[in-house]
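One structure, as structure tokens, below. Some questions next.
For reference, chains read A, B, C and D in written order, and residue numbers begin at 1 within each chain.
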Amino acid sequence: MVLTTAILDTVDELRQTVAALHGELTRNELVIWTAGNVSARVPGQDLMVIKPSGVSYDNLAGETMVVTDLFGNLVHGELAPSSDTAAHAYVYRHMPEVGGVVHTHSTYATAWAARGEPIPCVLTMIADEFGGDIPVGPFAIIGDDSIGRGIVETLRGSRSPAVLMQNHGPFSVGKDARSAVKAAVMVEDVARTVHIARQLGAPLAISQQDIDQLHQRYQNVYGQH
Amino acid sequence: MVLTTAILDTVDELRQTVAALHGELTRNELVIWTAGNVSARVPGQDLMVIKPSGVSYDNLAGETMVVTDLFGNLVHGELAPSSDTAAHAYVYRHMPEVGGVVHTHSTYATAWAARGEPIPCVLTMIADEFGGDIPVGPFAIIGDDSIGRGIVETLRGSRSPAVLMQNHGPFSVGKDARSAVKAAVMVEDVARTVHIARQLGAPLAISQQDIDQLHQRYQNVYGQH
Amino acid sequence: MVLTTAILDTVDELRQTVAALHGELTRNELVIWTAGNVSARVPGQDLMVIKPSGVSYDNLAGETMVVTDLFGNLVHGELAPSSDTAAHAYVYRHMPEVGGVVHTHSTYATAWAARGEPIPCVLTMIADEFGGDIPVGPFAIIGDDSIGRGIVETLRGSRSPAVLMQNHGPFSVGKDARSAVKAAVMVEDVARTVHIARQLGAPLAISQQDIDQLHQRYQNVYGQH
Amino acid sequence: MVLTTAILDTVDELRQTVAALHGELTRNELVIWTAGNVSARVPGQDLMVIKPSGVSYDNLAGETMVVTDLFGNLVHGELAPSSDTAAHAYVYRHMPEVGGVVHTHSTYATAWAARGEPIPCVLTMIADEFGGDIPVGPFAIIGDDSIGRGIVETLRGSRSPAVLMQNHGPFSVGKDARSAVKAAVMVEDVARTVHIARQLGAPLAISQQDIDQLHQRYQNVYGQH
């Protein structure tokens, strides 16, 4: 595939952005060694930018990032793409509103995933960002579309931008890569807080009406507009 | 509202102070992403300095901080104030002795808040700083005065400078913003220690008389005078 | 008291050492805010160097450190000494082999102290450094000699260089301030590891004979000689 | 033993590598004070490079590393080798495929070791890297070959590159020192995640067939080839 100069400029900027966002994964202690990845859809193209496979976070400059089509075939860049590329690509093919995908093995979110248990919506922060319980996706083996399909099917049944893949770890999505990273940071934070709350008893429930009101407000009012 | 030069000088200094104190929130791992805020009363004025809404802690220079009146209306600055401004403002209107307010979602304090359970005074450090159990405030939805009112009513029934708002997280107050940040740091520290102590059994009680004596001494003798 | 030039040189060097060792407390996450302190005996003198009261760890240059006699009276320096000075001084008066004392409220050690429960010797590292269980000292109120007396009486009945003062936190001692800091770092580390081991069952015991052999070897063979 | 110039060049490069890899132990919070060590086999020689005993991680330049034969006798360097040298040497003598060995007392792995309990393979990451449960080795006292023998016998019965020595801590091996450090980082990470999962219930099992498939794929496909 030949990329025009205009697309190459967009791609180069996205590679810088995606490389820098991997720094948020380490800063927020969501990943160890090479075990996590961020991708971004190239707007208007059937392309994505993603981390190469098995490369240390210390060596993640923008130029290291690779470009693939939405079936995971390498289009641009010199390294093999992340071994999770197929899952990212499946999400982009089936969720056109998604511009960024993040996968980690962050400790507390993965612990809920190991038990196959959704994180209950017992904090105002969960209602704000996730709009309800954070759901669990099916057990799926790497190598075909089963991880991607499990992510998409689970997210479609929920307001949550994050899914806990059973025995595996969280995947999160967003309108762009930064939003997906924010969801990855927050899913670990609330996974930890609710875990700790549960250790000494039962957290108090929040009513569905309050959850709806909090979610509605946060999605529409919060931040700078 | 037009601010005189003298007040503007005070305000500019407070903006620097408040911006710098947000660095203590990250350094002490009390916040992730943009989820926490510090404010300070402008001494002698019906004004407060507070963090803008949804802005990253990396971008919090003094100039970014905004000034509002004590009903949360923007008076000075270019960004929308924190979505928690109404709660801070309510505290300043009703507690004239308070010069600083801090809100976080720090993990262990929020875990106690999720269960609606006060932190028992089983450490000398809790007696020193909080003078007894750290109380829980009501569940309240953002959008009107109910969070502010819950904070003020709970703090008035206690010697504690911190309150755990149910399903939400801690708010703390102090004579100035730095004291309120100190209380925010300490409430998380003791929330964690007592949580961990409770995981393997029952912490030993401290008698009311000892609590009173420790609190009295710490509030009057500790530090440089 | 007038200090000779030779003693002042020793004191100035010790002040640098003690100031720098406070950096180990923060680096090892044993303290928050101003809640921990290191002291050193001035060799051959009835004097000690200690942290001033209520001063931030960011401002702890050597010159900030104060010198007191072994009853806690200020001899040199401009700030009020730590509120724990009486406890440090009591230890130096009654344990001539001790050259350094450290006090923290480190999380896991304080959690064991809150339950009044010794840390059992179930790790080779505990046998190496502490020679057996890490003992609990009595509940004691600040303000007289009762904390110091509790520390000394507890340490005398043990091979451990650290004691968990009930509802309060750990104190540790060493031949010099660095050794006492090492014991403070290690008591928190093993307090955490044994806590976590205990959460999911009973740690396996180590026989008294093995504990003795490990302790004997570590105290005499380990390190550079 | 006289080393040729060619071997000395290799040795000097390995000393830099091994020194730098100790930085990964601190960065990943696997060690405190001086309690952990990395070694590397000198390729083609009956020699190894290892950390000196009781030296702070701040002072670990390449020149500080020592060279011993595979019985732990000092061949090159000025400091006494790590007190764990005999265990490393035993592994190199008996496992010719091993080029690097790491020992830590990392918190969660050591907690499983304290209970003498293997870490069950309930995460895809464990299947990938360890190929099954992470096994426990026998209780063994330092001073003779019993630790080394316990490591080798346990690893031979497993696909795991890491073993949890009872009441002591993890040892890990790899084709080179970097691989052994990776295993040390990952054993702590999965020890923590499975611990946390277990605190609130039973993690879901992964079938032996899925474990085999994941392990096979990760060992042969992952990374850059």
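Please note the rule applied: a residue touches a chain if its C-beta (ideal position, glycine included) is under 8 Å from a C-beta of that chain, and two chains touch if they have at least 3 such contacts.
Just so we're clear, the structure is a prediction, and the values are computed from it rather than from any experiment.
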Shared chain contacts [chain A and chain D, defined touch]: none
Chain copies touching (chain A, chain B) - same or different residues, decided at half shared: different
Most distant chain from chain D by Cα centroid: B
Euclidean distance of C-alpha centroids - chain A vs chain C, Å: 45
Chain centre separation in whole Å, for chain C relative to chain B (CA means): 32
Residues of chain A whose C-beta touches two or more other chains: 199
Residues of chain B defined as touching chain A within the complex: 32-33, 35, 52-55, 79-80, 83, 105, 107-108, 110-112, 114-117, 139, 141-143, 166-169, 195, 198-199
List of chain A residues in touch with chain B within their complex: 28, 122-125, 182, 185-186, 189, 192-194, 196-197, 199-204, 206, 210, 213-214, 217, 221-225
